[in-house]
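This is the structure I have questions about; it appears just below.
The chains carry the letters A, B, C and D, assigned in the order they are written, with residues numbered from 1 in each.
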Amino acid sequence: MSENRKGSILKPFKALKFIGEKPVTIRTPFENRPTAPRYRGFHVNDQEKCIGCGTCAEICDNDAIRMIEVPGLEPKVGASNLRPAIDYGRCCWCALCVDVCTTNSLNMTQEYTHVSDDLDTFFMFPDSEGIHKVEFPLGYQASEDSNFLDLERVEMEELSAEERGDSFVEIVKGFSKEQAMAEASRCVACGLCTDTCPAHMNIPEYIEAIWDDNLSEAGRQIYKTNPLPEVCGRVCTHKCETACSIGQRGEPIAIRWLKRYAMDAIPADQYGDINNLKVVKPLGKSVAIVGSGPAGLSAAYYLRLMGYKVVMFEKYPEPGGMMRYGIPEYRLPYDALDKDINYIKEVGVEIKCNTTVGKDVNFDDLHRDFDVVLIATGFHVGRSTRVPGTDHKDVFQAIDLLSKITKGEDIKVDEKIVVIGGGNVAMDIARSLARKQRQKYGKVNLIVTSLESRDIMPADDEEIEEATEEGCVFYPGRGPVEIVIEDGKIQGLKTNKCVSVFDEQHRFSPKFDENDIKLLEGTMVVESIGQGPDMSYLGDYSDKLEMDGRRMKVNEFYQTSMDWLFIAGDIIKGPDVINGIAVGHQAALGIDKMLEKKHDIFFHSIFQVLSKSLKFEENCRKSNAKFEGKFSPVINTMLVEMIKKSEDLEKRIKRLIENPNVLIHLDEKLKRPQEADYFERFVVEETVDENISEKDFLKLVEKKVRTAFGLYHDLEKLTKNKELEFLFGYLKDQKKAQLERIKKLL
Amino acid sequence: MEYQKENSIIEAMQLEFPEAAFTVKKARRIEVKLPSKRLYDFAVRMQKKWGFLHLSAISCVDWINDGEFELVYHFWNYDEKVLVMAKIRIPREKGDSHFETISNLWQPAKFFERDIHEMFGIYFDGSEDMEGFILTDWTGPPPMRKDFITREYALNFFHYREYEPQWLKDMMAAGEGNE
Amino acid sequence: MDEKITQRSVWEKISAKLSKRSLWMLHYCTGCGAIELPPTMTARFDMERFGINPMVTPRQADILLITGYLSVKTLKRVVLTYEQMQAPKYVVGFGSCTINGGMYWNSYSTMKSLDRYIPVETYIAGCMPRPEAIIASFNELINKIDRGEANSWKDYYNNYNFYKENQEHTFEGPIETYNDIKADAALFNIK
Amino acid sequence: MSKIDEVRDYELFIGPNHPGIAGNYSFKMKLRGDKVLSAKTDAGYLHRGFEKLMEERLFIQNIAIVCRICVPDPDPNENNYARAVEEIAGIEVPERAHWIRTLVLELSRMASHLFSLGGHAATTGLYVLANWTIADRDRIMELFEELTGGRVYHIYQLPGGVRRDFPDGFGRRVLEVMDYIESRLPDYDDLAINNSLFIKRATGIGVITKEQAISWGVTGPNLRACGVAADVRKDDPYEVYDKLDFEIPTMTEGDSYARMIVRRKELVQSINIVRQIIDKIPSGPVWNKIPNPLKWKVPAGDAYVRTESSKGEYAYYMVSDGGRKPYRVHVRGASTTHGVHVLENLLAGSRIEDASQIMFSLDACPPEVDR
């Protein structure tokens, strides 16, 4: 370069030397030139691996990914029936979705050309073959060290095997605030857990509240569908964690421990105001509940909220049923159980203990004195294997021993014990007796045998591991043959090898290998192979009830053939606490629906969404144009149409608003069958507090509309969509027949 | 002492501005919080006395909850190689808030002040050029104020596309098929 | 754009064959996609061999590239430029922003879908589209002209009110475009 | 004004399509004959409201939108944003990530300088140099495509480091491209930079004195062309610039040609920096993982972060209120001074033929002005 700026006129001619050189120009530019191996091109999504968790739609900063409901795909545990569709009129190819994908199913190929004048082709549904069904090598892919999710779980400290060996102190110490927030921060709020939980708890919402350190909001979200959170925080079988999308490639979120942290942190006296309960105007109707297990308590809580007088009858001295007398204290301490039950009492549920229905009170009086009777007596009678020798005095039922331990009575504890059974109850009795043995003899000698082999034992894996740590010896996959008794004393249990437990149709028909015999020494045998109900109190009603196989015939609200009699808990459905709670809540809805006729559940839930928008409704009265400008296209056309169509709408909204129960609104999510019906997600609205600002309410409804309908459609196109036609059918005419058809669908 | 250079600068300034709060954020970064009426004198001394010849930027932050705008003046010293961030708070009126200009000291201030005027609605008295520059065709409120939500405005003002792709029609048809 | 394929006289077929090889692209890069135009125009990808070269004034240009987002202010100039261009004229929409708002879908100052303001011939997916994709779109444009299907510009005259209405809604008032659209339309005996 | 002057005075509106500046920008000029009396810039054609959009996006989502602010030189944006978040949140960045970031910044500087050299020569009719530099710049684009997955927008640097490590054999290919570009520089000199026609056209045009430069807030190559050796990489070092040795080229004349020479010399420095990086880069992780981005909150605080982009001092002022989205991000582009008042001052008194030469020599980038 010339500093003196003289430069020359001839120098440019040096460029002539390039005449002979090969040109830089690319010969055929528009054939797809291969790109770098890491190129960010069009998306490709492996449909099998994808679980439709919607995290890619959540992180997309251009709102380019919309979850489409794929007909023919069945939502199952840990997977929804939605799949991402990508709007290439919005996508900026930043690949955040690829890096956040919970299952690594979404990747990018090296394809980059799509030219068209038909705009609809820019909204694409990526599958494994690629956008134009032309095979392209993969480009930008998710890699281990660059994905955005933290897959390791925050470890919960537990007492070591020695410390807990001989004491009934609770094993789990609980999360500190930092641990809980760190664990809560891992959740991507995909909602798969809510679909799987029998009680459809608002799990992402309360985890979000824990992360925002707003524990009263967390409590409020939990109490919407679960009145026994302290219990569930400790002993729930946490199906939600099996569905957790983070669990696909890493450890699922510790949802149960987070619920426990949230409730432990809220003192009992604050329960009332976090649920902002107002004194409920009594509705003059009363309900009797037999049995205070999880199902009974849950039904009682929600019925009380609706304004009914609830009286509960409990055989044992303390309420709680199986939770108190079945689950040992090291898993569920009684103060935690009492914290929940006291709040239910505080709400106004009257519990009469030590009163056995059928003895102190007979069933007919209940039918006479109360409008509705709900039976939730659970399984308290242990089933015996009836092998020879089970009538010996040293053979006990696990249930009886467990309730004796709870009541503090002393029980027979020999040096060598054999426990028959492979479920959670067997684990409870085994570990309780191991503790008793260590307290009495200083060492544990306890054998647990079960038909099922180790991998298909119904008990939770952690339970089995912790039991082995505490000294229990396991002999899985063996069938009991006979209890060997010599001069009045039990020597042990003769067992054969169990070849298979279920036959091809998965029915229970165990097969044994006779010549593989093994004697398990023990002077005391405890049977824990299952429990059964004791429905003797029904008396002659039991033959009037229609039966469906061995169980009572019930509709979806667990209403038996006699409309005044409802049933809940183990005796009708579900092995665990959370199922009891869910069925209790469902039964409460059914009772409310039956007693309060005018509460049409479906009709009510639509207007619950819209009645909160009464303020907007006034706006629309004043000037329709202003109203139109307020909402996004989908919502506003629907609202305007509704207002126009039904004249008495305004009266109905006003009446619903004045009715106190609408304020303590129930979450109708429960009334649908087990699988999440995505349309239901939109219509049903959870408790929306009155002081929600117009803006937030708008956002909430809109977000739900988009997730529910997948596409951002306007009204006319939506009516062709199958799921919506009964909503708009309703809008078109309000005839009764229309409502009947809706209920059939629910 | 760790930030020897920065602290010596602070001492020099502290003498003349006792009411200002000086902190050293990190190497080459000094933060000053001072009352808004003292800003102009501070700016004059920065340029004339302490050699901060470069006004890197004037930023404005809308603290809507405190009801205040925060103006942050970033001065850079070519020789000392230190950046001073002078922060002042002015009340946030509904209409135009007012503040004095420093564009007579630094020419770049003309652009920053005009930009803040357009985006936040703060009128800088004494500046020559306060008319529209970027948002000449914008009729709405100053867009950077926190009470203006751009998403809601866009959703209601502009038209968005509704796609009807062939694969969705086939999928829905297939859905009907096996219903 | 329903009457795409109209009966074409022999003369029109010949003129299409000739004009497809000498299209002038207006040198007006409206959005950020313009950074991929220099490589397309210059030595490496060289679109000039397809007969496409930048032309400075709208009056002599055939192709108007909308390279990405359009702020409302630029949209006014684009409408002005579009109306100045001589028909037959072709608009090519680059990238996601012209289709459904792209990254700036929630911005208060950018338009969200181009086809409401001016008729668009082809769209290219990308943010921003690569030079190869751009040339692929030119290639397709050339073939469409050859087949006589590139008639989206007639759409502007046919439903002129639709476009005018949308423009006035976005500009919150009519804009003065100094062009007598009716006269232009009459040239091509469109009512 | 005398009768004759009155006749010759008129107002001219230039733009917004590419008057000579890379992007939509327009000028209202008052002229007397071909002498520009005064010029008034008018921007806003590329305004998308970045700062507003950034307030409505999560911290991680912003890395995709940030690089769209200045198109020829996107990486200083990404770097500024990442470092601002790291400074507020106190995140440690692994050593190797610092080196990779510096490499990406220098490659981006080279691509932008090549682009502006070509453009600068093109404004005076020398289109061949534009063809050459843009074709060579494409080699760097291909390097970016290999490293980050995107040609122009890399979306590569994020708070905590960078997203991916080098693909294998990348270092070797970078050195090849560096050698190739170094071998091309003499060709550029012969063709344009030492071409006396170009020198005559560019000398004495748009002269900025040292004092004017400082008071007008000129930064970057334009400031170094007036003799002030101020460079953010040396004065306020970031990433690993303090571990590299390179000079700051300066000229004294401060005219359009001097600015071109400074950019041309900076190309050599960048090549030398890239070579140092390639052979000194340590191994190790490239990303210090941030928590789950959908929930991640950055503690309250603010930070003023500066980088030396090819256009000048590029700074971000970010404020966080402890939420999941930045509370305020103010982008101080380098062209906020070059593209607006400096340009108006230089155009006043210049001739209309040199207007595009002046505009391009300042290398102002309108999207930075509009944001």
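As a working rule, contacts are C-beta pairs under 8 Å (C-beta built on N, C-alpha and C of every residue); 3 or more make two chains touch, one makes a residue touch a chain.
Just so it is clear, the model here is predicted, and its values are computed rather than measured.
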Interface with more contacting C-beta pairs, comparing B-C to A-C
A-C
Where the centres are mean C-alpha positions, what is the separation of chain B from chain C, in Å?
38
Where the centres are mean C-alpha positions, what is the separation of chain A from chain C, in Å?
53
Could you put a whole-Å number on the gap between the CA centroids of chain B and chain D?
21
So the centre of each chain is just the mean of its C-alpha atoms; given that, what is the distance between chain A and chain B in Å?
47
Would you please write down the residue numbers of chain B that are in contact with two or more other chains?
135-137, 143, 148-151, 155, 160-161
Show the residues in chain A shared as contacts by 2 or more other chains, in ascending order.
24, 61-62, 87, 89, 92-93, 119, 122
For chain C, residues contacting two or more additional chains:
43-44, 73, 99-101, 103, 105-109, 113, 127, 130
Based on which chains touch which, is the overall arrangement a line, ring, star, complete graph, or other?
complete
Can you tell me which positions in chain A touch chain B when the two form their complex?
68, 70-72, 85, 87, 89, 119-125, 629-630, 632-633, 695, 711-714, 717, 720-722
Would you pull the chain A residues touching chain C in the complex into a rising list?
23-26, 29-30, 32-33, 42, 61-64, 87-93, 112-117, 119, 122
Please name which positions on chain B make contact with chain D in the complex.
25-26, 28-29, 53-57, 59-62, 72, 74, 78, 81, 83, 85, 106-108, 110-112, 115, 119, 133-137, 143-144, 148-151
Chain D to chain C touching residues, read off their complex:
16-18, 23-24, 44-49, 52-53, 56, 64-65, 68, 71-72, 115, 118, 130-132, 134-135, 137-138, 141, 151-153, 367, 370
Which part of chain C faces chain B closely enough to touch in the complex?
72-73, 76, 99-101, 105-109, 111-113, 116, 166, 170-172
